[in-house]
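After this come two complexes, each holding subunit A, first together with subunit B and then together with subunit C.
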Partner chain A sequence: MVANTKEVIDQDICVTRSSADEKREWSYKDELCVGCGICADICPVDAIELEPIGGIVRTGAEKSKISIDENKCVLCGMCSVGCPADALDLKIDDKSIKEMDSYPKLIKSAEIDDETCVFCKACETACPREAITIARSLPDRSKLVTGEIEIDKETCIDCGICEEMCPADAIIMEHHVPTSVDPTVSADIKVDKDKCVYCLICKKSCPVDAIKAVCRTCSYGDYDLNPEDAEIEGSSFIDEDLCVNCGWCQEICPVDAATVKKAFKGTLTIDQDTCTTCGACVDICPCDVLSFPKPAESGQIVEKVFKDEKYCIYCGACEKVCPVDAIDVERTDVDYTPTKSNSWKNKMESLKS
Partner chain B sequence: MELKVNQDNCLGCGVCVVACPVNVSISPEVAGGHGSKTEETIMMVENGVIKLFSEDKCTKCGTCQMFCPTDAIWLE
Partner chain C sequence: MPKHIVSGLKYLTAVELIRQGLSQKEVAKILEMDRSTVSHYLNGRNLSWNSIEVAEIITKFCPKDFLTLTYALLNDSEKTRIIVKTCLKENYQAKVEETCIGCGLCADTCLMNAIVLDDLKAQIDSNWCCGCLMCRDVCPTNSIKILEVEDGC
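Moving on, here comes the complex of A and B:
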């Protein structure tokens, strides 16, 4: 029998078994682990244990959320297939079993269609895992509103009224204290034509009519505008490692550009009477499903913990962390790719509660 | 992880006793700010300082540590 070797780097763990035939490498990334304990439940040889995730997450302890007994582990990879957060992986001869058709895998995905996306960044802001990055390039402001503006420096008395009134901060003066050599209060006055929106407030407020300005868009309307100049270009990126397919992006997207497919279906029940509002579940939930509700008016009694189940992935981390067993997560459906192995099928089915 | 206390740091305020979700389920009167009436609770203030009684019941959720103002109770 070839012995397994375990290597721990920070909070990440790696277990390997090398023989003449093949090399198996099991890896755990703590940063991605949501503390659901599905790996410990699915492990056929009880090699994995879920550590006290509440204490670890809430106190910021430098400790892995799971532990593995490398002497018990048979490197089958079942835990990596059940993991809803991709924190676990098994590689056989440097190839992940998630890329092999003979192994089942959870059917889950999150996609943003760049053709439909308007790059508003709502999903980037909402994503509880910070897995989304939206890159966008905005149109050139000066091409969207055009006009002409000129300040007659001979007439200008350097009063600074236009500079103070300009809503776009497009007028810049070089103020200074007058001396006998240069008895003026400003050396120069400039208009930043990239910022100017030709609103004509400066022209109207100038006490000596030193400003001549005209807005072309007001005169010619949108005909003056090349639609191509107004286009916003961008691209979206979802970090598949960080994404747990919670569905926030899909729900918040104003143009239905995001599509999320979840692997588990089920129910989340909170016993409001048993709950002591310690907040462990709120802190552990990877999907921002749980929160403490705020009463609309003083004296109003609200539920202890509020849940918005449409974001729930039914991982069960809240149930595991609750010190008083007030939470019940039932998984009624597990969606996975077919496998010929009955033992794997049985294990995947065992994820249903 | 283990629940630890440092009585030298403890103010005896009893916030951990009240905040602990397990304590409340064992001895509901602690939620009202009263001291525990039973040694079945995880911790209690005795003679002005915190003392662990039934620490085996601790689920290591970290709530006591979050509330303690003087780092007198923590998970290690």
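Moving on, here comes the complex of A and C:
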């Protein structure tokens, strides 16, 4: 008889079924799981159960957010197709069903156009899943300014005022204690021209007028500068495993370089009267949609839980975790690639609530 | 003893295949035997009648028992499916309902190699179906129907 085997490594789970003709391997990555329970809802044989996710998320317990009965699982792959976070996968003969055209797939994506991107890193900072990395190389500061600076070492009294005042740390002195052989307090004073921005603070603060400096950037100096030297180069990277297509990057991008396509459309309703402000939903939300509002002034009455639905992916994790059923997530539209199988079509449609 | 029963089953298969018009050479190739052994079989030599009687009883078992016992005796799926299909008197018509989810459990279970998946749906080759119902029993969505059909239908 065909039997399944289950392997558990830390919180990750793997179920396999091998026959002479094919090998099926179902895998679960706990790190990527958002605890929405869509897998348990979509499973045609009730093999998956959602564990007490509230407790797991809030205590950081080392426990899988779902459990699977390997004796019930038939390795059909429906759970992996429904998973909005790519925490589940089914491989048939080492090929993921997400790469097979016969299987439907949720249509979701997140992209950053490097041509438009100014590498400001706003998306990297905002991404609730830490899925974005922006790498950038900045131009040399010295190539963005032009001027001249010279210190008359004969006049200089080695007071160190210019060194202390310099906002760019461009002046370096070689301080030492005077001796009878060398009765000075500094052996040398240098200007690092890669750092100097010709702000002229040193010149203005020198008590003995030993510094001659001029900034040419503001007058005709722009002609001395090559605009290409001011260009910022960089590249963006989105970790597709971590990304849940919440749309934070798209909303926060100042130059519209990020484009996000969500698989689900719907509504998120919070019953403020029933809510006990336990915060489980705020903790579990993978998209930072929910937060506790702070009153602008004392005594002001605010909502118990604030939502910004722009970022919602309608995964339903908050609804599942809420202990008092104060949250209702309705999915009105599910976008998926076509399939010839009616049973799969019906299952995908069943994701609409 | 199992060896003798296997010989009996091969004998019955050889006789039936010859009756269907195959040559001794073709039969020898299908059953992976020497041509001379096939010839001996057909002339009633080198085989005990008791082995044939036991084999005949096995072919009259319900299809699942016939199939699983034959597979256990031969441990060779290709020869098993030929012997079972050739000696089986009944014909079956397999139908897969739209509720099939394409999990492939039936294909993995089928000892007759009669099932393949196509566009997330099992396709059962009725010509090779032996009516053992093992696929129907493992199907998680009750999507498989197997009917016994009269000859010529």
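In the analysis below, the second predicted complex is superposed on the first by the 350 of 353 C-alpha atoms of A that agree within 3 Å, B and C clash if a C-alpha of one lies under 4 Å from a C-alpha of the other, contacts with A are read in each partner's own complex, and residues count from 1 in each chain.
The criterion applied here is as follows: contacts are C-beta pairs under 8 Å (C-beta built on N, C-alpha and C of every residue); 3 or more make two chains touch, one makes a residue touch a chain.
A quick note: this is a predicted structure, and the numbers were derived from the prediction, not measured.
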item	value
Fit-or-clash call for subunit B and subunit C when the two complexes are aligned on subunit A	fit
Subunit B versus subunit C as contact partner of A:51, first or second or both or neither	first
Superposition-derived comparison: subunit B or subunit C, residues of subunit A touched	C
First, second, both or neither for A:59, with subunit B first and subunit C second	first
From subunit A, separation angle of subunit B and subunit C (C-alpha centres, steps of 10 degrees)	80
Partner chain in contact with A:323 - subunit B first, subunit C second, else both or neither	first
Partner chain in contact with A:102 - subunit B first, subunit C second, else both or neither	second
Which superposed partner A:276 touches (first subunit B, second subunit C, both, neither)	first
First (subunit B), second (subunit C), both or neither touched by A:19	second
Overlay on shared chain A, then closest C-alpha pair between subunit B and subunit C (Å)	29
Subunit C residues within the subunit A interface of the complex	77, 98-105, 107-109, 113, 119-121, 138, 140-141, 143
Touching residues on subunit A, where the partner in the complex is subunit B	51-52, 54-59, 61, 63, 274, 276-280, 321, 323-324
Touching residues (chain side subunit B, partner subunit A) in the complex	1, 19-22, 24-25, 31, 59-63, 65-66, 74-75
Residue ranges of subunit A touching subunit C (in the complex, touch as defined)	1-2, 17, 19-22, 24, 44-45, 74-78, 92, 102-103, 339-344, 347
